[in-house]
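Note that the chains take the letters A, B, C and D in the order they are written out, and that residue 1 is the start of every chain.
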Amino acid sequence: MAVREESETADGVVTRVRPFLRLKAVIERRDSRAGRLFDGGIQFLIILNLIAFSIDTLPSIPENLRITLAGFEIFSIVIFTLEYLTRLLVADSRPRFIFSFFGLVDLAATLPFYLAFGMDLRAIRALRLLRLLKLLRYGPAINRFHRAFFIARDELILFGTAAMIVLFLAATGIYFFENEAQPEAFQSVFHALWWAVATLTTVGYGDVYPVTVGGRVFTAFVVIVGLGIVAVPTGLFASALSKARAEEDEAKRRK
Amino acid sequence: MAVREESETADGVVTRVRPFLRLKAVIERRDSRAGRLFDGGIQFLIILNLIAFSIDTLPSIPENLRITLAGFEIFSIVIFTLEYLTRLLVADSRPRFIFSFFGLVDLAATLPFYLAFGMDLRAIRALRLLRLLKLLRYGPAINRFHRAFFIARDELILFGTAAMIVLFLAATGIYFFENEAQPEAFQSVFHALWWAVATLTTVGYGDVYPVTVGGRVFTAFVVIVGLGIVAVPTGLFASALSKARAEEDEAKRRK
Amino acid sequence: MAVREESETADGVVTRVRPFLRLKAVIERRDSRAGRLFDGGIQFLIILNLIAFSIDTLPSIPENLRITLAGFEIFSIVIFTLEYLTRLLVADSRPRFIFSFFGLVDLAATLPFYLAFGMDLRAIRALRLLRLLKLLRYGPAINRFHRAFFIARDELILFGTAAMIVLFLAATGIYFFENEAQPEAFQSVFHALWWAVATLTTVGYGDVYPVTVGGRVFTAFVVIVGLGIVAVPTGLFASALSKARAEEDEAKRRK
Amino acid sequence: MAVREESETADGVVTRVRPFLRLKAVIERRDSRAGRLFDGGIQFLIILNLIAFSIDTLPSIPENLRITLAGFEIFSIVIFTLEYLTRLLVADSRPRFIFSFFGLVDLAATLPFYLAFGMDLRAIRALRLLRLLKLLRYGPAINRFHRAFFIARDELILFGTAAMIVLFLAATGIYFFENEAQPEAFQSVFHALWWAVATLTTVGYGDVYPVTVGGRVFTAFVVIVGLGIVAVPTGLFASALSKARAEEDEAKRRK
């Protein structure tokens, strides 16, 4: 097996032979085929879990599908529990693993289901979403997002603040124009903020819109002026994300 | 005719005279006027076919238009059949042509209509759309799209994944906020996904939208944060497409 | 007056003194104060005309406003006629001026109103919009748009074609998914095209939207893939317009 | 306290000792801890005021919250009055401070509430929004926006004008297409302008949309052609804002 092929090199490098060394390499590293298989398997199971979670929210699902989902849930908990225990077993420092971010995530992804055994509480079911966080362990994606945020930090703050001010001013303005004509939809500045968000992001559901002449002229003005300001932050983050990836590639090439 | 003017040069270049050589040049290459005319004619016929296909879907069309369309369909099949046979005739290797991508496309664009002769099956009619694929043969467009995809591949995967995660999280979030207030529109995470797509692409049909305070605050947050992530992939592809074209121009200039 | 100040220099430069020379300088050039005043006056009048045209479409306007508008219309025609005659008078070649683009535009902006004197035809009123074209004479804007189009020409064709194909495929796809469920809104591929335009430009009026599961999944796919393609052409044109302006500035600085 | 620590250095630098010198440093400069605390406190109070203003617009708020808000309003006026008086006290030239932009803003943020004492006029309440302007004093944000506008000035004018023309032409066009079919929604060119703004910014509320074939074809054409033109100005301003910030950073690094 792939593990054996790998082990010799591993043994060669590490002189202080410890038990679980091969297992540790498989679980914590991605440079062997078994390691990649293990990682891929866990990732695949997490995604299946998210799909199962989604299916579970369907209002009327046939009985046999419900049973299948319940079976799959038990299967998932077993696998995730085994994963947790193995990670604990091979950890350099067990207490540090337990209180690490991913240690807590792994625990939160399984423990509640033992505690709530037999009960079908909605809150418990929602906790299954925490399994999504387990995905963060894999790949350099989390670092990348982190770095992208850091790259664009100053600009994100600048445009985030500008977006807030534009949204607030738009909401206050439309409130004064439309409050009288549509006391229901534009009850308060907070209700007007909902309109401001829907309008300045150009989503435009059409549940609230100005009807007075003043409100429409104000909307035209605000949309043309404020559109870009509100849309900029995500664009900035996207370009920073792209830059972070380029930097990683550069760093890899230099090695 | 144009063919004759061209032929002398062709004869001068090619010493090993083969039958259909002139015809082959006209059909497979674009460097003679006859070749460009043939290509242009086929392209024009394909576009007319797509328009005829669209007209055919109109619920109530006058009888004489229906007859015209039927006549045009027969005319098209005849031309496309002749085109197929000629391409087969002049192909370097006939079996290879038959099983090539474009050979199969050309066949699929005509064969079903002989098999279904007389019957007016809807599925058969839909097959006419395959004629669109014939357009891919012309111009460097297909290569360009291919290369654009290759250029932006890593980023497309990065943002494609990010978009998936944002859409899924948005859908799950709104499901928890709105499910109780609007059990119909937000029945399940899948229904909520429809909302997430319509919102985060800023299409905002207005068929589903949050009504609770929590749902609206969540929407504001998700839209401002997630907008760019979802919109990025196509932007990336567009800029890659543009880059691919620039590279082609560069390559041409160097020749 | 400004004309007098200018005239000496003009006389100095031009040795062959012609009648209307000062008038010609005022009307055809912008390098004197009188010339700029004349141009500015005409531009202002054109914009007032467009506003008057818009007010005129209001369904119920008070009688005195209607009379004011009619008076303003007569005033405008008089001014524009005088402008036309003066331009004709000072033109280097009168027949060439009459048949030039701007000569025809100037004529079309006044002549119909003499022919239709007394009659209040809607078509005649619409012709007043032609006065907008008179604006094109001023400033380098028209050249700039022209050049912007030229700069982005290849890309505009590439993305224009891609946009067409995406719209057509989206329309055809949604037609097959939604035709049965919504025979009214998705009657034909043409009706579906309206949906495709409203969706892929993210306008999303909400007058037509998919209701079937298949249609919604298809929409999600199409929007995420096709969004950028459809939005690109205008972005390209905008950046080309910006580039054209930069080139002009560069050219000016070198002088 | 921080003021004391600072004072020694201040005394060392300034030889001509004036009364209020320490106070002046705290209020007008940000280089001491007390100065930053003062600025931060005022900023925080302004933001709390805006939130209180928004809450105040809620149609039905409990009595005790109303009393709290009234108390907070009195507290704010007291603080802002003290701030105004202190700024006046330490100003180099008192008349110049009173008639400076920020002097007037500070006055407008408090004075009306003394004049309208006891009365609960809506217009007076709206004046509270002027306190937002007080925020402009802090940070380099206002300079930045100013400079961003200056950087993109030519382009903003170019695209602003282009956007106006596109909107006007779109409105006039749709008016002719839809006026007959929807005399209510497309009553005049002004009503059509509302549609043009909602459509070309892709907000697409769905309150007005074309229903005729001509109007829909025109809309498709206009949206695909005009989209970018209308969306460009804000994009330009956003990129100029980003450039202005980069220039500031550059300037700081050089110091």
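Simple rule for what comes next: a residue touches a chain if its C-beta (ideal position, glycine included) is under 8 Å from a C-beta of that chain, and two chains touch if they have at least 3 such contacts.
Each chain and its UniProt protein: A, B, C, D = Ion transport domain-containing protein.
These figures come from a predicted structure and were not determined experimentally.
Q: How would the chain B/chain C interface be labelled, same or different, where same requires over half of its residue numbers to be shared?
A: Different: when the shared numbers are divided by all numbers used, the fraction is under half.
Q: Fit chain A to chain D on CA atoms, both being copies of the same sequence, and give the resulting rotation angle in degrees, nearest 5.
A: About 90 degrees of rotation relates the two copies.
Q: Assuming a repeat means more than half of the contact pairs shared by residue number, which candidate in B-D, A-D or A-C repeats A-B?
A: More than half of its contact pairs match A-B, so it is A-D.
Q: From chain D, which chain is the farthest off, judged by mean CA positions?
A: B
Q: What is the distance in Å between the mean C-alpha positions of chain C and chain D?
A: Taking the average C-alpha coordinate of chain C and of chain D, the gap between them is 33 Å.
Q: What whole-number Å value describes the gap between the mean CA coordinates of chain A and chain C?
A: 47
Q: Which residue numbers or ranges of chain D touch two or more of the other chains?
A: Within chain D, the residues that touch at least two other chains are 193, 202-206, 231, 236.
Q: Could you draw the chains as nodes, link the ones that touch, and say if you get a line, ring, star, complete or other?
A: Topology of touching chains reads as complete, every chain touching all others.
Q: Write out the stretch or stretches of chain C touching chain D in their complex.
A: It is residues 50, 53-55, 57-59, 126, 129, 132, 141, 144, 163, 193-194, 197-198, 201-207, 230-231, 233-238, 241-242, 245, 249 of chain C that touch chain D.
Q: Of all residues in chain A, which touch chain C in the complex?
A: 202-206
Q: How about chain D: which of its residues touch chain C in the complex?
A: These residues of chain D touch chain C: 154-155, 158-159, 161-162, 165, 168-169, 171-172, 175-176, 179, 183, 187-190, 193, 199, 202-206, 209, 216, 219-220, 223-229, 231-232, 236.
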